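In what follows, subunit A forms one complex with subunit B and a second complex with subunit C.
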Partner chain A sequence: MAVREIDCLYEACPVPILKAMKELKTMDPGDILILHSDHSCVGVAFNEWGEKNNYPIQVVEVEDGEWEVYIEKPK
Partner chain B sequence: MLSNEMADLIKQRERKGKKKKSQIPYSIGLILIAIILFIILLQKQYTYAVCWILGIGIGIVLRYSRFCFSAAFRDPFLVGNTKLLRAMLLAMIISTIGFAVVQHSYLQHNPIDYDLIPGAVTSVGIHVMIGAFLFGVGMIIAGGCGSGVLMRIGEGHGLQWVVLIGFLIGTVLGAKDYSFWYNNIIEKSKTIYFPEYLDFRIVVVVQIAILLGLHRLASWYENRR
Partner chain C sequence: MKSITKWLKKPWPYWVGGILLGLLNVILLATSGISWQITSGFLLWGVGILQLFGLDPFSWEYFNHFQHYYSSVIVEHNAFINKYTILNMGVIVGSLIATLMASQFKWKKIKSKKQFIFALLGGIMMGYGTRLATGCNIGAFFSGIPSFSLHAWVFGVFAILGAWVGCKILIKFLL
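So, the complex of A and B:
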């Protein structure tokens, strides 16, 4: 299991999801992607997107106004 | 379902001992300021007081519903999600009914005058398309439309302050060049107000039917992807 991180701080709404989609394509099943973001819409957007595409997703607010999104590539 | 590996990873990375600062004192302060302003406005300018409360209400609804006009038009293409688009269509159906009531009661006692009918009845033409296209490109790059940008500034985003400055510059430039657009396009284009040509009830029913059709189309599009 590999863990990768991408930095999406200061990126506005559609960019984090697009970056994650691009990164997930190059990853192996079972790998985990951690996405850093300070955009408040990211949590909702990722949860909806994950539910639809069957990606397990967990959003953690690490600080006030800063989130980490954990995405696992399904096996 | 979360796998064990992911749950472990989250636990591992959890920053221990770092507590989030409570923001409740700030909110109490802001609520007090809002109430004081409301009371002051109530004594001087009744309309401003009403607008103040309505504005705060709209801001709260926008923030908690994550209602974003740019996402409504962007997500169907980018991630195939039409939830916000459908929400917007529903809002348009509701406002159609609301404006129908307002305009119908106005038209029963008054003649049709585009400038006086409640709601913005303006000309339609190529200028609408140009403006909509420019606005669409801008709002996707900026990450929010007018209301979205204001809501995010209130939320504490720094980037949107830059967008707001751009917004102000654009508005000033638009006002400066308005005569160009007016003389070349807007003056020549026609204002079409459907109740002039058809019975008011038919217009409302047809508009709601079209919006419902678009709503259906949006959910079909989402399920197909």
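So, the complex of A and C:
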């Protein structure tokens, strides 16, 4: 299991989700992707997208106005 | 107070925001006589700045065409202080209060030169587009649909098409 991180700070929608989709394509099933963002609708967008595509997702507010999105590539 | 903060911290479902925006727009129209719009204020600020350089945009064909709409501003000769400016200030101050209450205020940096250039280009194109379409997605679409204006539907169709093209450009050149 590998863990990868992408930095999407100061990027607005839909850049974070597009970047994540691109990165996930190159990852193996079971790998974890951590995405850093300070865009407030990132949580809603990712939860909705994960539910539709069966990706387990966890969104954590690590700091005021800053979020980490944990995405697991399904097996 | 604590429960308000909690409410503001998590994003609201789209339907809650939609209903609130709709209600507030009705109240705004009833009290001020104008529906919610954003770019009219920016347009007039642009006029004000050009006036500082000695130009007189109010005499241009565009304002001749929309005379009925901007006549109150033209007559009072103040491009900066008018109800459209107050409307925009309200949006900025209101969202500032909301982010502060949710403790999510954050200064954002420019990520790269590329982001800066594309944002600038996008802004110029949007600004020009709003004048051709007489409004942005708030003035032309959000306020246009409930006032039964046909142009709002045309605007809506092309906004969707534009967003689709924008996404394609984004995927191809910016990621």
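In the analysis below, the second predicted complex is superposed on the first by the 75 of 75 C-alpha atoms of A that agree within 3 Å, B and C clash if a C-alpha of one lies under 4 Å from a C-alpha of the other, contacts with A are read in each partner's own complex, and residues count from 1 in each chain.
Quick note on the criterion: a contact is a pair of C-beta atoms (placed from the backbone, for glycine too) under 8 Å apart; a residue touches a chain by one contact, two chains touch by 3 or more.
Note that the structure is predicted; figures quoted are calculated from it, not measured.
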Partner chain(s) touched by A:Lys22 [first = subunit B, second = subunit C, both, neither]: second
Winner by number of subunit A residues touched, once subunit B and subunit C are compared: B
Partner chain(s) touched by A:Ala2 [first = subunit B, second = subunit C, both, neither]: neither
Which of subunit B and subunit C A:Asp64 touches, first, second, both or neither: both
Subunit B versus subunit C as contact partner of A:Ile32, first or second or both or neither: first
Touched partner set for A:Ser40, first subunit B, second subunit C, both or neither: both
Partner chain(s) touched by A:Tyr10 [first = subunit B, second = subunit C, both, neither]: both
Overlap of the subunit B and subunit C footprints on subunit A, listed as residue numbers: 10, 14, 18, 38, 40-41, 44, 61, 64-65
Residues of subunit A touching subunit C in the complex: 9-11, 14-15, 18-19, 22, 38, 40-41, 43-44, 61, 64-66
Complex contact set, residues of subunit A against subunit B: 1, 3, 10, 12-14, 17-18, 30, 32, 34, 38-41, 44-45, 48-49, 52, 56, 58, 60-65, 68, 70, 72
Footprint of subunit A on subunit C - complex, ascending: 9-11, 99, 103-106, 108-111, 115, 167, 170-171, 174-175
Sites on subunit B touched by subunit A in the complex: 1-3, 5-7, 9-10, 13-15, 18, 20-21, 23, 66, 68, 70-71, 74-75, 78-81, 83, 140, 142-144, 152, 155-157, 159
